[in-house]
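Each of the two complexes below includes chain A, the first together with chain B, the second together with chain C.
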Partner chain A sequence: MNTSPHLLDEALGLMPGISNGGALSQGCIVLIEDSVETSGAFILHYIVKRALSLDSSGIVLFLALAHPFSHYERILRKLGCNLSVHREQKRFHLFDILQLEFPCESKKDSVEQGLVELYSKIQSAVEVISSRDHSRAHISILIDDLSILEIAAHGSMDHVLNFLHYCVTLTSEQNCSLVILNHEDIYPDIEGRRLLSHLVYLADFIIKAEPLATGIAADVHGQLTVLKKGTSNNGHYSADKASNFHFQVKEHGVDLFFPGSRC
Partner chain B sequence: MAATRATRPSSFSRNPSTSAAPSIPLPGVKLGPGNAAFVSSGIPDLDRILGGGFLLGSLVMVMEDAEAPHHLLLLRNFMAQGVVHRQPLLFASPSEEPRAFLGTLPTPIAASKEERPRVPGPNQEGKEQGLRIAWQYKKYFGEQPASQPQYKDVKQEFSNTFDLRKSIERHMLSSQNIDCVSIEKISDLAPLRERCSSFLSKLNGDNSSIGLAGRIAIQSLCAPQCGFSDWDMVSFVRSLRAMLRSSRAVGIITFPSSILPHSFSKRWQHLADTLLSVKAIPDDDKDLAKLLTGYQDMVGLLHVHKVAQISSQVPVILEANTFSLKLHRRRSLILEKLNQAPVEGSSGTSYGTAGPCTASFKGSSIDF
Partner chain C sequence: MAESICKSLRDGALEGEHSPALTIKDSLESLAGAHAFNYFLRSLAANVSTGKSQARGLVLVAFNQSPSSYLSLLNGKGLDASVLRKFLRILDCYSDPLGWKENILQSGGHDKPTLKESDNVCRDVKDVSKLLSLILELGKGFAGEGKTYFAVAIDSISTMLRYASLQLVAGFISNIRSQGQVSCMIWLLHTDLHEARSAAVLEYVSSIVASLEPMVQTTEGKRGSENLFCLGRNSQNGRFHVRLKRRNGRVKLLNEEFHMDQDGISFTALSSENVVVSQTRLPKLQFNLLLSEKERDDRARVVLPFEHQGMTLKPWLKIEHRLLTKNSSSSGSRGGESQHKKTCLDDRPHLAEVHFIRELSVCSWDSHRSDI
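Right after this comes the complex of A and B.
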C-alpha cells in the first residue's frame, strides 16, 4: 500500500476532503530550494499534478523559464496527468519564457519594463480566470525557476524583488498560491543572500531538497525538509512545524519515507 | 484442396512507422526510448556511461582543471566524431586562430583493424557462429567486397574510436561544414550568440531536405583572455541552452570553473544538462599509486556530476561517478572505473585497513 504521497500531502496541507481538494490552501506561498546534486523539480511536478487532479477545481499558471511545454507534458503524463487536455480545458496555462530577453537599449529601464510586462500578463490571466463562471477555482502560480529570471534580468536584484512582491500581492488580493523553485547553492555569501532571505521571509512553506550526507544512493535520492511556518491569526498562535523525509523519485511519482524506515 | 479465399486478410500486418521519431534516421544519430536521440561523444566508453551518448537538444558542460588540458581531449574526440559523421560543426575558442585547433583532431580507427579484447562476451561467439554459417553459403554469392573502403566502414558506426597520435585527414576537414569563431579580445558575446542562432536555424533544413544533427563546441568560455562580464556570460549560456532545446544539436562548453566566482560557477552548473569535470592526476603521487591499480597509465580523472534526462524526472544514478582517463595502447582515450589496489596482506585485518584507506583518500588531491 503506497502511503508515501500522503506524507507530502500532509506536510503541505494538501489533504483531500478539504474544499479545494488537492490544491494548496489559498494565498499560500511555497519556496522550493534545491542544489546541483539534488534537483527539486519533482516537487513542482507533484504540485501541478495535485492541483489539476480531478477532485479539485484548481487552475495552474506556469512560468516556464527552464524547460519547454513538451518537457513537462512528457513528465506529467507519466505521473498520470495529461497536460494537453488540461491546456485545452483552460486549466493549465504555460508561459514559455525560455527565451525571455529584455532588449538592452538602455539596460536598466528595459529590464524593469520587461518585468512589468511579464507581471501584467500574469495579472490579466488571473483576472480572466477569476472572472469566469467557476470563480471558486483556485489558482496556483508556479515559477520554474527563479534563478533564470535573475539571469534574464542581468542580475538586477531590485527589479526581480519588485516583480516578486507584485506576484505576492496576487496571493493576498486574488487568493492565488505561489510556488517558486530556486537554487539554494547559488547564494553562498551574505551579500548575495538578499533575494533568498526575502523569499524565505515571505514563504509559508519552505521545502528543501538536499543530497544525503552519506552521498549518492540508488534507492534514496536525497532528503526533503518541509518547514511549515507558524501562523498567528487573531491571537491564535501555532508554532513552526518541520518534517524530514527521505525520498526516491520514480517515473510515476515520488516515494517519501521517514529516514531509516525503508527496509 | 478447396481454393483459399482470395480476400482473406493476412493476420500479419506491417508495423506503421513510429509516429514520434523522424522517419529518416539522421546520420550519426541513435534513437533511444521516448523521444531521445543521441549523438556520440567520440569516446565509446563515455557514451556507454551516459546511457547512449549526448542527447540532442541538451547542453553538456565540462569543468576544466586549470592545470591540465584534459578537456581538450574530450573536445577533440567530440569534434572529430562530428567530422566523421558529416555533422555541421561550430567551434569557438579564445585563441586568435581557432582553425588551427582543427589540425589537432584525431583520426578515426576502423573497427575491423581494432581488436576488442576489452569487451569480450557473447558478441564474439555469435560473430563466429554467424561467420561459420555464412561461409557455407559464400560460394553461392560470389566474392563479397572483402575490403570495404576504410572510410565507409568507419562512417557507419555510431561511435568511433580515435587515434590521438594521428591527425585527421585534411580532405575530411575541407569538405566539411565547419565554422570557427574566435572569442578572444572581443568584449561582447552578441556576435557569438548570433552565430549560434544562425547555425542552429540552418540545421532544420527546408521541408524537402533532411535536416542534420549539429554540434557546437565552445572552449574555455570564461577564460581570462576573454573580456566578458559575469552576467553577460551566464546570460549567453542560458540563451544557448534555450536555443539548443528546440534544435537538433548538442552543445558542449568547457570552462575553468575555478576562475568564476562561486555563485556564478553554481549558476553555470545548474544550467548544464550533462555536467562533467576533468581533473589532472599528479605524477608520482605515492598515496594514489598505492590506492589505485593502473595508476601509472592514468592521464587524469573524469567525474560525472549530472546526466541529461528528457521526459523523466528520475535522476540518473550511476554505479560509479569517477572514471580514470587512460590511453589505450597509447593512442585512444578510454574511461575506466577506479579500482582500489589490493591491500598488502601484512598490514593487518580488513577492518584495520579500511580506515587508513579512506583517510588517505580524503587527504589526496581528488576532491570533487
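Right after this comes the complex of A and C.
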C-alpha cells in the first residue's frame, strides 16, 4: 500500500479519525496553482478519492469544465475509486459544463445571468443533499478549472470573482469546502495576475505544484508546496504552516516524499 | 502605538471636525491585515460596550465574512451576546451582495426568503448611495440621550472597490466621515489588489494609516514556492508602520513589531535585533555583493587616467595655452604665440601650462620641466 500520500493528508488535515474522515474540514477553501510544466490535477483527483473513501461520509460536487466524466472515471478507477458507483449512490455529482459558453457580451447582463444559473444549480444540489437523511455529510465543491470559467465569462475577472464569492458563502452557510484549480502562468500582465492575488486572499490552503528548480528528472516529477494559513477559532489562533514535498506521479497513484529522502 | 490608535478611535471626533479614520493596509507579503482589523474591531467594541468611547454603537459592514463569524469572534473575547445586541449592528454585504439568491428564489417561485429582513442584508452593494443610507439608518438606531455617536467598521474596502469605482468609494467614505454622528471609521485594504492610486486616495482620506509589512521583503515578481514559504513566515511577525495625521497638519511616523500568537495579533516595540536584521540581511547569493575593508582600500588607491579624475583629485596634467594676451592683438600668429610662450616661460621659468577646454570639463597639466 502506498503510504506516501499521508504527507498530503497531514498537510491538508485529512487524517483518519478526525471528523469527516478523508474529507476537508468544513468551511475551508483550497487553492491549487499549477503550470504548464507541472500539472496539479493529480491533487484534485486525490482529494476526490479521499472525500469518497469508505471512512468518509463525504459528497463531491464537481464542476467539470476541462474534461468529461469518462476522463475522471478512468483516472479515479486507477486510484481505486469507482466514480460510476458513487454517482449512482448520489455521492458524486458532476456538473458537465464542458460546453459552457455565455452569450456574447453585447447583452449586458448575459454573463452574469449565466453564472447566476450555474450557481443556482450548485446551490440546489447542496440544499437537496443537506435536506436528506444523512444531512451531516460533508460536501466538497471542486472546480476544474477556473481559467476556463474565466474564458467562458469573456475574460471578466469581476464576474468570476462574484461567482466564487457566492460559492464561498456556501462554505460558511452550508459548511461545504471549496477546492479551486487554477493555472498561475497564463496571466501576462499585472491586471490578470490580480485574480491570482484575490484567490490567495480567499484561500485557507494554498497548494502550489511546480517543476523542480534543478530541471527535469526521471523519478521526481515536481515539487509541491502546501501553505496552511493561520486561523482564528473561538479566540485562539493557530499559526501558518508551510510544507514542501517532491512527488512522482505513477499509474495508480502519486508518491510524495520529503526532498532528499529518496536515495 | 497600537494603543494610541485604539485611544484615538475611542476618543472619536471633535465638534466640527471629521471623524478619525483608520486605514489598515496589508499585502500578500504580509497577510496579517485581517487579524489587525479584528484586533482594532475588538478594542473598539470593548470600549463601546463599556461606555468608555465617544461612540455608543458600532456599525460593522461585513463584505468578506459572515455576520455570524464576527459575532463568534466578539463572543470569544468576552462580549456577551445580549450586550452585543445592544450596541452592534452588522450590515450583511456578504450573504447576497448582488441579489443573486433573491433572483434565484423569485425565478423559482419560492415565497419564503432565505434571508430574513431583520438580518440587515444589503442585496445591491454596487449602489453606494443606498449602502450609505443603510449605514446611517443603522447608526441612528442606537438609543441614547442627546446626540448619539456611532462608529463604522468596513471589513474590506478592497471588496467594495470591486463593486464600485474609486471615486464613488472615496466619496462614500468622505460622506460618512462628515456625518456629525460618526465617531470614527476603520477599514482594511489589500494594496496589491488595486492600482497604487487607489491606495493613495484612501490614504489621503484617512487620518491614520497602519501598514503591516514583512521584516524582510520577499523576492519581487517571483511567485515561487520560496515566496509561499516567506508568505507563511511573514504572516507570523513583521513590522507595523503607522502614520498619524494630526489636526495641525503634523504627521507622526511610528514603528512597531507585530506577532501572531495563540491569542491573536500583538504589538510590541521594535527590537534592536530586528532593526539590524532588516538593515543588513541580504538575499542568499553565491557571491558577495559587498566589498571588504581591504577591497575598499585598494579601490581608493587606484589611480585613474585623467579623464576620470574629477575635480576632487589633484591634477597631474596641467598645460595652459594662452591664445590671446593683453599686449598681443594677434589671433593666432605663430610668431606671436611663440613670443607669448617665451614671455610666459620667462616669467615663470619653472611652469608650462596648457589648458584644454573639452566639453564641460577642464583638464590641466602642471609640469616643472623647463624644456617645454
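Quick notes
Note that the second predicted complex is superposed on the first by the 255 of 263 C-alpha atoms of A that agree within 3 Å, B and C clash if a C-alpha of one lies under 4 Å from a C-alpha of the other, contacts with A are read in each partner's own complex, and residues count from 1 in each chain.
Throughout what follows, contacts are C-beta pairs under 8 Å (C-beta built on N, C-alpha and C of every residue); 3 or more make two chains touch, one makes a residue touch a chain.
This one's a predicted model, so the numbers in the text were calculated from it and none came from an experiment.
Annotation: superposed three-chain arrangement on chain A; chain B versus chain C shows no clash, the two fitting side by side.
In the superposition on chain A, contact of A:Ser130 is made with neither chain B nor chain C.
Judged by the touch definition given at the top, the superposed model places A:Ser197 against chain C, while chain B stays out of reach. Look at A:Ser172: by the touch rule set out above, it reaches chain C but stays clear of chain B.
Vertex at the C-alpha centre of chain A, arms toward the centres of chain B and chain C: the angle is 110 degrees, rounded to a multiple of 10. Of the two partner chains placed by the overlay, only chain B lies in contact with A:Ile216; chain C stays clear of it.
In the overlay built on the shared chain, the residue A:Ala152 is in contact with chain B alone; chain C does not reach it.
Here the smallest spacing between CA atoms of chain B and those of chain C, following superposition, is 15 Å. Common to the chain B and chain C interfaces on chain A is no residue.
In the complex of the two chains, the chain C residues touching chain A come out as 28, 31, 35, 38, 65-66, 68-69, 72-73, 76-77, 94-98, 100-101, 103-104, 108, 162, 190, 192-193, 223-225, 228-229, 231-233, 235-236, 260-265.
Residues of chain B touching chain A in their complex: 34-35, 231, 234-235, 238-239, 242-243, 245-246, 262-263, 266-267, 269-270, 275, 305-306, 310-315, 317, 321. Of all the residues in chain A, the ones that touch chain C in their complex are 112, 116, 119-120, 123, 158, 161-162, 165-166, 169, 172-173, 184, 194, 196-198, 200-201, 206, 208, 210, 223, 225, 227, 229-230, 232, 234-237, 239-242, 244. Those residues of chain A whose C-beta lies close enough to touch chain B in the complex are 36-39, 41-42, 45, 67-68, 71, 74-75, 78, 98-99, 101, 147-148, 151-152, 154-155, 183, 185-189, 192, 216-218, 221, 249-251.
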